[in-house]
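Input: structures, listed below.
Consider the two complexes below, in which chain A is the common component and chain B and chain C are the respective partners.
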Partner chain A sequence: MNPLELTLGIMTAVGGFVDISELVFAAKAGSQFGYALVWVFAFSTFGIIVFSEMSGRVAAVAKQPVFNLMRHRLGLKLGLVALAASIISNLITCAAEIGGVALVLNYLTGAPYPLMAIVITLLLISSIWVLSFKWIERVYGLLGLFMIVFAVALVALRPPWGAIARGFVPQVPHGLSTKELLTFAYFVVAIISAVMFPYEVYFYSSGGIEEGWGPKDLITNRVTAILGMGLGSLLGIAILSNSAQLFGPTHVDPVIPGSVALEAAIPFGKWGLIIALLGMFFAVAGAAVETCLANAYSIAQFFGWIWGRQKQPWEAPRFTITWIVLFALALAIVLTGVDVMTLVEFAILFSILVLPLTYLPLLMLSGDRKYMGQYVNGPIGKTLGWIYFAVITLAAIAALPLYFLTSGGNG
Partner chain B sequence: MTPDSPIKLVSELLDLPLYDTEGVYCGVVDDVEFSGRPGKDLQLKALLVGPGAYAGRVPGWAMSLVKLVAGDRLTRVPLEKVRSIGTAVHVECPGRDLSLHKSEASAGKWMPRWGAL
Partner chain C sequence: MRWKSLLLLMLLAGCSKGPEADLQAIKQARSLAAEWALVNEQASQGKLTPTYVQSMREWLHYQLHTSSTSLTQPDSPYGEEIHALLTQPQDARAEELRARAQKLKQIEDSLESA
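This part shows the complex of A and B:
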């Protein structure tokens, strides 16, 4: 285990953890419910750590990415359903990320939003064409570390640390009306979905194959999943807590992604604002790259095409055409003029519906001795995996009714 | 498992990834071809690779969608060319000798070969 590689891996995971949905829902959750939803962030982060570690282990030991194995386990028909669902969910998520980056560019430059969406899509396509997989991960992940400004802002704002610590205990706030309780439940489902997006597992496991992971990399896999995602999640909790302190008491609803940047502008002024916007730019752009590549990985793996960005683009031509077309489709969605917040809500909704289909085959595979040999899930991994599977299944069942009953969390 | 071992279930073989001697991913076992007739033993004859083989396994409307995204090419891999069957199928020659990379080659023909690090 190379310590430099490991540190870079962890930092990359931290910088690449937050995406547009987490930004938006963390800020909204903090402003509406104070610190009462901190535990959902922590709980979901533990879940994504469990499943990412599993998917990395499957990639390292079985040397096959999740979607390959998913098809073998689910069969062709159900596999096709899972593929179609994940394509739709990832495409909407990718459109939301592109819209989010275009908005940040619009704030930074004042140039029109549609033009910025076109520019950023071309930049993202160029960067994936030019950079190798490792550098794609590093550029977006490491520059996404500007997001740490939100954690520094939290310290500078001198928050009630005791209240934040109490937020880690599972709770439902007292005295909520039925309508508010439903909205709270919707936020619980939305945060679980935003933190445990299926694309993260597809990207993580395919990345493991791209980097040629083997059993010797299992410790790197575990440490990167635990520390990288754990620390990355603290940024989400910092955004929620800042929002609880700054927006909640003044009844400000951070309905646009730009409001989140104010959390750093209030304690640090202009430079705080610029660093926050840069962090948001790279973190959300990185998420756009991950969602698009995750979608292309899934399609290529399902149909048996040569895939991977470790190869030159022309060495995996159908995979290359796929991610370029997917970017173009995501841009087309953005250019229809649909609001970024609407895209974020749809991304959350579709993702939670896909989550059980993503995680069930992964659980089965990582528990199958034929594939995993001595690296099969232990009793703790198995128990945690099935507990989280039950929770995401319940969340998936509740998602649509809650969405309609609360008008997408807007009461 | 070797190609001459009895295969308990076709489902063990279906949807497994296929690799060639150079370790290149060549596709997925999308269907299988048997020889034999009623009252006689069935013997596995070939693996069918490519979305063209989905036709008997998915409804017509799903097949149209698949055709739109992935085409309907079908390549036959004779069982004699299979080296081992486990969690993946390994063939005993380069994929190009079995025409398994034809679609990749035609898609790559017009793609620029510059600009990537």
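This part shows the complex of A and C:
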């Protein structure tokens, strides 16, 4: 297996795990609750590996992307509800990512934030137009690996490894007030949502079809899902742990996304800062590309249009117009002046509401022998799939009340 | 019945005035002051680029101003503390900023335990 074949998983994971929501929530989780939320990252990572592998397998065997399944499995009416919810969720997420990249460019260059938002949107549109799908993956996936500086920073900071290891055990910290318990619960829900963002599965399964996966690629699919998502999780846990060590004791609950870059600047100085900002730039830009393309994939697949970046833009005109319009709409949201952190909170909230609708048809089809033949879910995959489905459904039910009771996790 | 109570709680949270309603702004201002202190401390050690420092200080000041304007009681001790932060020079000493963050933390803790 060519190592470059892993770039789809790396891009999906780095852009999915370490997008602007992840940066913000991992850092806030660490500063407020120390290492007590590490297990939620580990638990959700296992969940996204299960569902990514499933969606890749369905793409390779049944040649069905997620939104095609939704329409057939949920019916037109419920399918339309899922499509509308997913479009809103992905659009807000895309706007948050564009705002996030513009902020990073502002930290790097000092140029005005609105101007940077316009520039980055044009750059992203140009890159998708010019680059093939393979190169989109490689550019954003591999350059996003600058984010590894956060994992190296964790080692350099000499953290209490025992405390981090204990964080992998599911727990609720002792001595929390009712308000703090609710905030902790909100963070659990928000991290599950941020790690299992629905756009990751839309993008990953559509990417598998773009790359022409077949049953022979099932090993690649499994390795990509495990290594890609595992790497994303490692980075998320590193950001959380750095934050627990550097921000928690100084009463910093990162309000500004740029504060996260301090995690690399404190141990490594200017070069650490620059590498961290470059990593954040490519990871968040990759997430913007993923959310926008995932949205366009969803719409095109639902309505049965010709789609795909393997085709020239003019060979799939409705798909091409859709992703360009979606970028323009996301930019328009950013230019209204709404705070990036507010967009992040809404993106998390909408995503968790869409999650059950995303994963139910996938579970049903991957367990259907008529479509999947010998590649149908085994007993372990089936059990894990339904357990995670139950968890995300509970999280979706709890999300709105927790959001209002905790003012979006701000206590 | 439980849902009605929950709804009432949410409505009260949305309509309330005074220190309780200002708690979120106080927390945000405390964190911003602490972030500002960290940025200035690292900048003084030469660990940050001038562009990053300038951008961060501008964003921190902007967010502090937003927190300040959202207060329902701007003349309260915490309102004055936040106002004092807004009058600090951009390159204020980290110790000074940290001391102000600490004062806001004490106010926050007393409000939360009340």
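Basically, the second predicted complex is superposed on the first by the 394 of 411 C-alpha atoms of A that agree within 3 Å, B and C clash if a C-alpha of one lies under 4 Å from a C-alpha of the other, contacts with A are read in each partner's own complex, and residues count from 1 in each chain.
Convention: a residue touches a chain if its C-beta (ideal position, glycine included) is under 8 Å from a C-beta of that chain, and two chains touch if they have at least 3 such contacts.
Remember, predicted model here, so these are calculated numbers, not experimental data.
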Superposed partners chain B and chain C on chain A - clash or fit: fit
Touched partner set for A:Y204, first chain B, second chain C, both or neither: neither
Which superposed partner A:W305 touches (first chain B, second chain C, both, neither): first
Contacts of A:G269 with chain B and chain C, given as first, second, both or neither: second
Partner chain in contact with A:F67 - chain B first, chain C second, else both or neither: neither
Which of chain B and chain C A:F33 touches, first, second, both or neither: neither
Touched partner set for A:L277, first chain B, second chain C, both or neither: second
First, second, both or neither for A:Y186, with chain B first and chain C second: neither
Superposition-derived angle with apex at the Cα centre of chain A and sides reaching chain B and chain C, degrees in steps of 10: 130
First (chain B), second (chain C), both or neither touched by A:G75: first
Partner chain in contact with A:L131 - chain B first, chain C second, else both or neither: first
Smallest separation of CA atoms, chain C relative to chain B, angstrom: 30
In the complex, chain A residues that touch chain C: 103, 106-110, 177, 179, 247, 250-256, 258-259, 261-262, 265-266, 269-270, 272-274, 277, 401, 404-405, 407, 410-411
Chain A partner contacts - residues on chain B that touch it in the complex: 11, 14-18, 24-28, 30, 49-51, 54, 57-58, 62, 65-66, 69-70, 87-88, 101, 103-104, 107-108, 111-113, 115-117
Of all residues in chain A, those that touch chain B in their complex: 62, 64, 68, 71-72, 75-77, 79-80, 84, 129-132, 135, 299, 302-307, 312-318, 320-321, 370-371
Footprint of chain A on chain C - complex, ascending: 6, 9-10, 13, 23-24, 27-28, 30-32, 34-35, 37-39, 42, 46-49, 51-52, 54-56, 59-60, 63, 98, 101-102, 105, 112
